[in-house]
Structures are given as structure tokens and as C-alpha cells.
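Each chain carries a letter (A, B, C and D) given by its place in the written order, and its residues are counted from 1.
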Amino acid sequence: MALTPTPADKFTFGLWTIGWQAADPFGSATRGPLGAIEAIHKLAELGAYGMTFHDNDLFPFEATEAERRAAIDALKAACDETGMTIPMITTNTFSHPVFKDGGVTSNDRAVRRFTIRKILRNIDLAAELGASTFVMWGGREGAEYDFSKDIRVALERYREAANLFGQYVIDQGYDIKFAIEPKPNEPRGDILLPTVGHAMAFINTLDHPELVGLNPEVGHEQMAGLNFTAGIAQALDHGKLFHIDLNGQRGIKYDQDLVFGHGDLINAFSLVDLLENGGPGGGKAYTGPRHFDYKPSRTEDIDGVWESAKANMRMYLLLKERATAFRADPDVQEAIAATRQHELAQTTLGDGESVADLVADSSAYEDFDAEAYFDGKGFGFVKLQQLAVEHLMGAR
Amino acid sequence: MALTPTPADKFTFGLWTIGWQAADPFGSATRGPLGAIEAIHKLAELGAYGMTFHDNDLFPFEATEAERRAAIDALKAACDETGMTIPMITTNTFSHPVFKDGGVTSNDRAVRRFTIRKILRNIDLAAELGASTFVMWGGREGAEYDFSKDIRVALERYREAANLFGQYVIDQGYDIKFAIEPKPNEPRGDILLPTVGHAMAFINTLDHPELVGLNPEVGHEQMAGLNFTAGIAQALDHGKLFHIDLNGQRGIKYDQDLVFGHGDLINAFSLVDLLENGGPGGGKAYTGPRHFDYKPSRTEDIDGVWESAKANMRMYLLLKERATAFRADPDVQEAIAATRQHELAQTTLGDGESVADLVADSSAYEDFDAEAYFDGKGFGFVKLQQLAVEHLMGAR
Amino acid sequence: MALTPTPADKFTFGLWTIGWQAADPFGSATRGPLGAIEAIHKLAELGAYGMTFHDNDLFPFEATEAERRAAIDALKAACDETGMTIPMITTNTFSHPVFKDGGVTSNDRAVRRFTIRKILRNIDLAAELGASTFVMWGGREGAEYDFSKDIRVALERYREAANLFGQYVIDQGYDIKFAIEPKPNEPRGDILLPTVGHAMAFINTLDHPELVGLNPEVGHEQMAGLNFTAGIAQALDHGKLFHIDLNGQRGIKYDQDLVFGHGDLINAFSLVDLLENGGPGGGKAYTGPRHFDYKPSRTEDIDGVWESAKANMRMYLLLKERATAFRADPDVQEAIAATRQHELAQTTLGDGESVADLVADSSAYEDFDAEAYFDGKGFGFVKLQQLAVEHLMGAR
Amino acid sequence: MALTPTPADKFTFGLWTIGWQAADPFGSATRGPLGAIEAIHKLAELGAYGMTFHDNDLFPFEATEAERRAAIDALKAACDETGMTIPMITTNTFSHPVFKDGGVTSNDRAVRRFTIRKILRNIDLAAELGASTFVMWGGREGAEYDFSKDIRVALERYREAANLFGQYVIDQGYDIKFAIEPKPNEPRGDILLPTVGHAMAFINTLDHPELVGLNPEVGHEQMAGLNFTAGIAQALDHGKLFHIDLNGQRGIKYDQDLVFGHGDLINAFSLVDLLENGGPGGGKAYTGPRHFDYKPSRTEDIDGVWESAKANMRMYLLLKERATAFRADPDVQEAIAATRQHELAQTTLGDGESVADLVADSSAYEDFDAEAYFDGKGFGFVKLQQLAVEHLMGAR
């Protein structure tokens, strides 16, 4: 059944999501720890495709080499047993006090050196586990105060680190790409590379931009009041959608990490439509994991945790089903045509038309009837939007 | 006197700023029109360096060729008379109903062709007037609804237009560069290229990225809750600060266009410090016009308009004076050193150090004392911030 | 059919909504004027219950007495003809330059006197038309700058005016109540009485608080990041929901005035559920007009205007249908019970229990097992939310 | 010297502020615990007037009666020794898992009973310590999801609890008043009584509204994009400013709790001006403690903690000095007069003037020259704002 998750749906979860113990800035944990092995078994049972983690989700910061190895080996065994994959891993460079001014852009050089070592080690682990995407969320790279650091210098250090990691995977022959996860603020007052735009612009300044893309997160862009679907579309245009973090956010406030679709539902609908139907010939525009990076609310016990995990997948599948029906509806096709979207797909200049030709075309300017757009030539956007919302509501 | 504006300060104003008649979404104009010639004379008298405009600030959309020419010639004469410059011009592709779904990305192809012609014509005017910067604010390029257009297709059309304009200035031999002005929303629900980051990423996909940079505006980035100084620093890092729009905004809300410094004063201070003292050897990091793109409040009559124009320049000069004193204060230098910013300026790897060398350096990882950062090794950021605010307040 | 609007649904529209000519801060009108008589006939045809207006929607600010009377009489005739009602009217105290610093709180005393006269005249008109609600949106009552006025003094003047209006309807024997419409900002930088909370607190300081309630608007509260449904619930608790403005808003930004439901869809769902099913015995919690205060997007022509009018009503009816099904679903009832909402409906102290009794009850404190709430006693909120969203999506 | 804090300045600090160990949602503590006794001695040394605390800042949730008593007695001894006061205390009803759905409005009745007991016990402690203000911050009273609870029912429970506490202090003869501290969100998605307005409206529904006022916090109102000074002015108008929390916030985002003045500096200036100079005859409008509720940034060690404590007091004193000079400047007085603020202080109706008199006054309406406000009769707000900012910057 279309609403029952299977590995073919490529749903993945961070170990830190279902495993979140629910401490927040004003309260202590409400849940005990969830072991990685238990988590992966349960996720497999629910129909997930894979699990992801930060190094210190799997083993503590202080772990000895033996402890680290034991945790890794147990995870690999569990993967073998369940068929689950580890398509992405990432590094915790934000929790420990040592990272209090960031990792790769800390003003403290020794911290930066330590951070690079920690990340390199984790890249080796990614390679060992067959993870093809290595996420970098620089949540502590930033500042509360404008005079705490020269942002240009910090970006130079960020670039130095990113170039070093890129060269490392090349030198090691690893089949790994990097995905930067932007966020505007929290836990720092202002974080470096605050939006998908800033991160893509930065990537273009790297030695190997082809190795680095994005891991955009729904809530992070929405925390800046930005349209997530539009941001993903630009990332696709630029060839930079390497991974994606799905969750929910209710407006500009602290990072809520709700279940996917439990925030801005209409935007979640257009996102799934883009991912599933926006590709060539109406197929998938993105084929990688649908990764949930959310937090089961602090009010929930372990049953609520698993309900929330299921809710994420069900929301995605429901939205996908609605998007398919939306695209198939002849009324929708007619309404789309009325908005003249097919004209947007045409180049503005004709085939072989030069600028001189355009300048010579008096119909384009001198004889163009601009006044016809007053009280006429409406675009029919509201009607199409209403159709979209009715499909979202299963009302057609 | 340092607080009296002179042309050397390079202060410029949009004709649409002092000339704004103060109609807003809920009210009609409270002021009559201000002629371009009167404006340029008055601005010259106040110590400005130049004036900028949209084509339809100088002559109406419906102007005949003769009317257009008369307005241009009168402006040129006024420039000659006053010594004022026209360093930048821009095109109105947002006011007339024809642009209701945008200009270069309207779903309506005829509108796009018309828009390109209107812009080409204005590029010729820029060349005629010696303007070296051509600003493109695509305020109508966007949508209210996620299904109104495929953003990827819209970006293709945006690119087609930008490439065409770039080729045009090359072909015509014009010494003109383009500056894209990002804005997240208003008047559209979501505008394409919503932040400095998104615009820089887009520029990298153009045929001639070297011809295109940014014209960031204080309020536009702050409408997305972003740190303007940090955004400008990234633009400088990427070599894309081609022009700048100074004004004031009080948080995430409608576009306020207040006087520069009358919004987030501390951020205005760090911005001026960056522009004036952030360059090589502590000189200017940006040498172009300090362009005010603001609106004299609707409550003001013409006296208030000129008070507000003066206030912009005075704010800049005051902040510059404060920034100079801040940088010269030995206590500040000491506090900056305590934040270890000099270490951030050092590369993380040593001169000639390879990744292998770093991996071999046990002091960097195995023997590194991460625990020393608990209850120690503070960064002293608050003390420095307090010093900065005291300098801003003239209290040291 | 449940999805076809009828007067029993009590849908009303402002004349300024469908009649909006679509001028915005950056563009001129894209549509011509729509006459009140045409509007009321068309709305009647679509199934509306009534129409509302500002004085200057019906006749211009400069109208002569004869012009004003002619417009009023024509409207009354059209009401008679169509069966449409005028349940609410309001006064334009914001568009004309005279109101540039507000109406009843302008620093200019002559403006305040003029404003009061204009409003009194319009109260008489309300009485003449049988409108029982008189809305006061003080959109210009506010400031851009903290030093422009002493807010306490401005509130005194606001109170003086509100008291005067209250006494006037008492003296005239009018059956009219007032409804204040809060808004946080736009067109002023900060507006007095910015939220439903501030307005209710202010009302409590009036001579006749019973005469004054609220007209909350979806988008206005959401522009402050507030939960509209929660605000309406508090207004109901305080007996102050006198009228309601329905529309859509996509987050904290300029006032969008989208179609109801085209913004935060989930919050629109909970709102309709509250209004329709939150009353005693599961009936209506609010029985007044469902008033749409929205703007047909500037991209639309007159066909789009009427499509958008229909969309508002259809959204409400769809959400009502979904809310009915939600409440009727036994799985939902079970999930609600699991959240212990029935316990919230019980008083915290038992019937007849005194504070001393509570203090003497060791089970409440000394023997209470607080630790049971760690890793247990979850509230099941996510599961219920998922059920709600599935009902909203017509997926159950 | 005016910039050296003394007890006469009435500066107070929460023990949880300087004692914050700097754990945040993404990182563990960076500082060790700070004992209450050490804290109070150090604060006394810095010139503070008093210290405040939550019960569980002084002794842990799990403390035995003996441990609790020992901590209280030690605190009292330290107060005696240092001369420090405890003018306010408050209760932690948000950190422990038991409060995961709130305290007095938890859906779980047993939790509500426990919470009331915990608060009653702390009211006794307030009385014992001579604290005259008892703050109630209901940070966990709220929801993430609209269907988690009926907000009206939750408000009934809130009211039940507030009434019970009020009756308790009456019955016990305590000289204690309550101050509700509003916050829009974080840690809950939406918190009950989200703004000063909502809280004041709620207070009016209590049995003893005279016992309950507000403890507004700078950052909390600014997290909703509201003007803090304007909110305080309304609270003063309504007689509800019982206490105040000073800190800094940079726009709509997570709760930053920066040093006072390190956020919106201009708004901090107008606030201090209101508090210090807004009273009768230009005296203090509020005479209670100036309470700092901030967090020393996580980047700081203990030296930075004390620097930040000093910075709060110095900012207040600097702003007070600037406000005094602002009010004393004849140019400012002239500019204020030009804004016609003296007219706002006049009643709109004349002494003894009736509504009938106003209606009969043709100069007020029929002969009023509204057109004079077009291109004339400006309010001079920008000029005054510029003067204010110059005083803030010490530039006059």
C-alpha cells in the first residue's frame, strides 16, 4: 500500500532525532537514552531505509578507541542484520565546551586543529561505513556580537578547512561528497553561511566546488522567513541538492524540529511535489534519501517517539499521493495553462534571435500594448492555488 | 569639519528617496512631486556627491521620446552646473501593471520581451550619463503562491536576461557593471534571489559573473533577520560588493526604509567600521558610493525631507568618527587580542604543513586538552562588545 | 450541499476587499474601481450574507452631502433588492494626509477633533443601516520613532475618544457595539494596541468596557508570530470576540491579506474547529459574521477577484466539514482522552476542597511521584496532531 | 560618580543569570556551578542592590527539608553580612520532567496539584525573606500543537491557580504582589499569555486583579517584534508595571538574553528615558528594582561572567546619563514642541465641552482644512529622532 513506508521510499532518520532525550534550554531530559542498535532495529521495522548519526551519537566524546570500535562494529552488525544503510554521517563540532566559539572557525587555533582532526577521523568512518554523503552543520561557527570576529577572516578559515577535507577524500580515493547545512541562528546569534544562498555562494569559492553541495533543512530556512520550496528549487538549478533534512517549523522563532508537515503544510506539499514530480518528464527531481531531522516533542514518552517517527513517513507519503493526484487532474492542467507557465518555459528570445533582432522588433516595445495589463490579462494564480489546497485537503 | 558632508564622502541619494510622495498601502500621497533638477541642486548644496534614479523617476512610463530627452538633457545640465555625478542608475520594472507578475521572469513572454527592451534602453542611458553601476532590483520577480511558477524555470529566464545584458555591455563597449539588489519579500510574497547569498550563488551561474555583483540594502537583509554586516563581509570576501544601499529597519516587518542608523544602531556601527576600517592596512574595504535608499517618513513635510537627508549623512559621519576612535583605543586593541582574533588570521595548518603532518601531530588531537575549555579559556567577547557600545555612545 | 455558501453561513466581505484596485507600495493599480452596487449584487449571487465598508469605500472623502446621501440610498436599495445585510461598518481614519500621524491620537488636536466628528457621523450611518458592530482599526495610531509621542498620553487620548463614542451610542439609544481591530505594525512602525491582548487590556480601562470588544484578524496576529487560534480562545474566554476578520498570512512579513486558509492551513483548521465546535455542547463558540478581510492578489483581473472571493468561502466550508469529521472520529476521541484533556476540564482543587485541604494532602506533594514523568506519562500530543492533519487532508 | 553602581540604583540580578552554566539546546555546560553565597557577595561588591532566585536555583528539586533550610539560612546570613536584599523570588515550574506539559495548566491534574503546592511553599519563603514581589513565568504553560489543549480551559485553570495564590497571601497576611512574566514562545511552541497585553487582559479576569501585575522582559516582547518601550508605557498606563526584566535581544529569534543595551540600543535608550524621566514632574515613572535577567554568553569564563554583570549596570547608567542630557537640551525641547506633543497632552474636547458642542463646532469639521495636511503641517519626527540618536551617541 502506498502509505506504508518501504526502503524504496528512502526514508532515513538521524539517530539523534528519535534518540533525543528532550533536554532544552529550560528543562532537563524527559527521556532516557536510546541505544543505536535498538534504534536501527526499530527503524527497520517501521520501513526506513537507513539511519544517520554524528560521531558522538554513536560513542561519547570521551570514548576510548576500544569503545569507539565496539560501537561501530555493533552498528555494522545491526546494519547487516536489518538491511539498513548508513548513507550519511556527520560530526559533532558543537556540543562540547571546546567548540564554544566554533570548530573550524574558532578564534582559537588549537581548537581549529583539533576540530579538523575530529572531522578527518569521522570521514574515515564514513568511508568505512559506505556513507556517500558527509554533512557539515556549522552551528557553532558564528558570533553573538559583530566585533567578536572578522567574518571575512572566519570565512577564509572555513574555506581552508573545506578545501582540506575535499583534498583528503580525493587523496584517499573516497567516494564521498560534502553537504553543508545552513542555519541562520541558534545556538549562535548569527551563524556563518546562514541560508542555502550563502552556502552555495561560498561553495563556489572552494578549490573543488564539485565535491560540496547542500543539506538544506526545512526549519532552518523558515527561521529566516524564506520559502523552503523556492530555496530547494534554486539549489536544484545550481546542481547543489546533495541531501535534504525534512521537518516542521511554525514561523520565525526558535528551531522547533517538528514532524515534517506539522509546520507550514502548504509549503511541505509544494516541496514534495517538486521532489517527486519536478524532474525530467515529471519524475523525481531528487533521488537521494528523504532524511528526517526532527525532534519528538519533549512531552512524549517512547511510544510518542515512535508515533512521531511514523508520522514523518506517513506525512511524506500522503503528500506524495496528493501531489500525484494534483498533477493528474485535468482541471489543474487547465489552470496551470491559464497562468501561462508554459510561456515561462520558452526562452524570451526566439530561436536564433539576436539582441539586435529584439531591438528591431517593434511589437516587443514600440507597439506593445502595456495598458492591456490594466484590468485584464490576469494570471489566475489564486484559482490555481485554491485547486492545490483542495488537492492537499483531499477535496477533489 | 569631519561631520560636514563633502563630495569626497561619496554620499549619493536616489531621486525616489527624497522625491517619495509618501503614498503607502493604506494612504495616499502626503507630499507633492519633487523635480529632479530641484533635487540635484539641493543635494549638491547639502554636500552630496551624486544622485541616482530609475528611468521613470526622471520621466514617466508614458513619456514621449521628446519628453524623455528633455528630462535627460536638463539633468545633464544640472550635473554640469552643480558638479554632481550620476554613478548609478536603475530601471523601474515593478510599478506599472504590465509588471504585475514580474519583468524578466513574468510568465507572460511578451512582458519579458518588453522588459528587456526597457532595460536595454536604460543601459544606453547609463552609458550616456557615465554611470558605471547598473542596479537590478527584481522586486516583482517572485510569487505569492508556490504553484504560480516553477522557480527553476524562472531562474533560467532570469539568467537568460542577465546574460543578455552582460553581452550587451560587452558588445557596446560600455564600462558598466551590474549590481543585483536582493530582497526577501514585499511587494511579492517571496522574491527570487531573496538574500545576498542567493544572489551571489546565482551570479556564479552566469556567462560573465565578473560583470555582476551586488547592491545589498540594510533593511532587505534585516527583513530576513540576517546580520547585515556579516552579509557584507561575505560579499567582500567573494569580491561582489559593487554598490551598497544604506537605510534603517526595525526588525522583521514591512520594508521601513528609515534613515541610516535609525534602525539597528549597533549593526550600523559595525558596518561603517567594516567599510571604513576593514580594508588592507585598516583603510577602506569599499570605496564606492555610500548610497542612501530610504524614505522620509510619511509624517514629514518638505522640511522634514531635507532634515532626513541630512540625518543620513550625519549618521554615517558620526559612526565613522566613532569607529576611528574605537580602532585607535589601546584598551580596545587589548580586548580584541584577548578574543584571539589574531589567531583567526593565522592559517590553521602551519606554513608548509600537510594533512599528514597534522594527523601526525599528537598535540593537535591525542594530547589536546579539550577539558581546559570548561570553566576556562573564555573568549572575552562581552567585554569587547561593551567597549564597542561605549565607543558608539561616545562614552570613552 | 454543504460546500455551497448560503446566507446561513453568515459570510461577509468588506467592499474594500473585492474592490481593492491593487495599488501597493511599489506599484500602481492594476484594476479599475468596482462599484458598491455591482459588488453587493455579485456577492449576493455567490451566497454571501452581507457586505461591510468604510465610509470612504462608499463615497469619497470629499463627497458632498448629496453625493454621500445618493450613495447610501443606492446601497440601501441594493440591500433591499438582494436581501444582503450590512452587519458592520467602519471609518477610514488612515488614508487621507490629514491622518498622517493618526486620527484619535494624532499629536495635532485639530486632527483629533476632526476625526471624532468623522467617526460620529459614521456611527449615525451604522445606526441608519442597522449595523450592530462598529469596527475601529487604528492603523495610523502609532509611531515610527520612540520619541515621537508619549505612548501613555496617546492612550489617554484613545480612551477619551473611545469613551466618547460609547457614551454617544448610549445617549442616542443605538444598538451598536464597538470592535477594536489590533495590528502590530504597518502602516506605522509600531501601532498602538498591537495585539488582541493589548486591546483587551485597554478595553478594561474604558468607562463602558461592555460596549467594546475585538475584531481580530488572522494575519495581524500572525504578523507578530502569535497563534491566532490561541488568541481567539483567550478573546472568547474574556467575552470579547465581537467580530472576526478571516484571511491568510505566510509568516512574519508585510500584511499579505491572502485568501483564508492560503496561509497557515493547520492554524486555519483549528480556528474553524474552535468557532464551529468549541461552544457549549460542541456547537458554535461564535455566531457572528464570518468576515473576509483579504485582498485579491495584484496579479488577478476581475475574474480572479471573484475566484478569490469564492475561494474564501469554500475554504471555510471545507475546513468546517473536516472539523466535523475530526470531532466525530472515535480514534480522535480516544487520542484526545490519551492527552488527558478531560483532566484539564476538571478543577485542580476538588469540589469544596480548601487550600488547607490541599496542603494537608500528602499525595499531592510529599508522596507525589515526580520521577514517574521521566521516561513515562507521555502526553500523546504528536499522535493527536497527526490525526488532526490527516483529517485536514481528508485522509481518514 | 554617576557611572558607578550603588544600591540606590536598585540593580538586582537573578542568581540563575550569573550562575548560568551555559548549557544550551546544542551544547553542554561550559562553566561550573556558582554558589549563591559567592554570588551574593560578588554582586554586593559590584554595587548591586539585591539578588533574586527560583527555589531550585538555591536548592535542588530533590533537596531534603534540611538541605533546603540550610541553603535558606546561609542566604539570609549572607544578606545580613552584605546588606543585599531579596526583593523578588520566583518558582521553577519548568525544568523538571514533571512540568513537561506545564505546571498550573498541565493536562495532568496531579501535576497541577503538585505545582500549586510547590508555589505555595515558595510564597511562604518569599514572605520569610521579605520579598515583596513574586514572579510567575509560565514558560511551560502552552502547547506545540493547536489540538493539544483547549486554550480556554487552560486559561480557566490558570485563573483558578492565580486566584488561589491571591487568596493565600490575603489569608496569610503577606505583603506580596504577583508579577506575571509573559513570553510568546520557547520552550513551548506557543506560550499562554504571550505578551504584556495578553497578561494584563487576563489579570482583569481574576478575583483580585489589584494583587497581580507584570514583570515584562525586554527580549520576550521583542521576540514577538513588539516595541518594548511602548509595551511598558501601556503597562504603566494600566498601573501594572510591578517589576521589570532588563536584557538584550537582536530581533525575532530564539531567546538571547544578552546584556541590557547589547540588542536594540535605541529602544533601550527610550526605555530608560521612560523609566527615569517619564514620571510626574519628569521624575521616575517606575521606582522598583532594575532587574537584569540575562545570560552571560556561553563563550565566556567566570571573568566574562562578571564583566557581563558589570556591563548591564554600566549600560543602564550610561543610558540614564544620556537621557538626562537629552531632556535638558533646549534644542530637544524645541524639537519636541515642533512635533506638537504638548497638544497630545491636552484633552481633545475642551474643558466642559460636550459632544453636542463639538458637533456644533463647524471649525472642527465643516470648515476644517484637511488639505492643509498635504505638503504641509509636517510633524518633525525625523529631526527629533536624529537629536535623540545624537544624544544617545554622546554627540551633542
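Observations, loosely collected:
Methods note: a residue touches a chain if its C-beta (ideal position, glycine included) is under 8 Å from a C-beta of that chain, and two chains touch if they have at least 3 such contacts.
The structure displayed is predicted, hence computed values, not measured ones.
Repeating the B-D interface with over half of its contact pairs identical by residue number, the matching pair from A-D, A-C or A-B is A-C. Across C-D and B-C, it is C-D that has more C-beta pairs touching. Taking each chain's centre as the mean of its C-alpha atoms, chain B lies 38 Å from chain C. Centroids built from CA atoms put chain C at 37 Å from chain A.
In terms of their C-alpha centroids, the spacing between chain C and chain D amounts to 29 Å. In chain C, the positions touching at least two other chains are 29-30, 96-97, 100-101, 144-145, 148, 184-185, 189, 223, 225, 250, 252-253, 262, 266, 297, 299, 373-374, 377, 379, 381-382, 385.
Chain A makes touch with chain C in their complex at residues 29-32, 222, 225, 250-253, 259, 261-262, 264-266, 296-297, 299-304, 307-308, 311, 314-315, 318, 322, 373-383, 385-386, 389-390, 392-395. On the side of chain B, the complex with chain C involves touching residues 22-30, 94-97, 99-101, 139-140, 144-145, 148, 184-187, 189, 223, 250, 252-256, 258, 262, 297-299.
Residue ranges on chain C touching chain D, taken from their complex, read 61, 96-98, 100-101, 104-114, 116-118, 120, 143-157, 160-161, 164, 167-168, 171, 184-185, 189-190, 192-202, 204-205, 223-227, 229-231, 233-234, 236-238, 252, 266-267, 269-270, 273, 278, 336, 339-341, 343-349, 355, 358-359, 361, 364-365, 368, 370-371, 373-374, 377, 379, 381-382, 384-385, 388.
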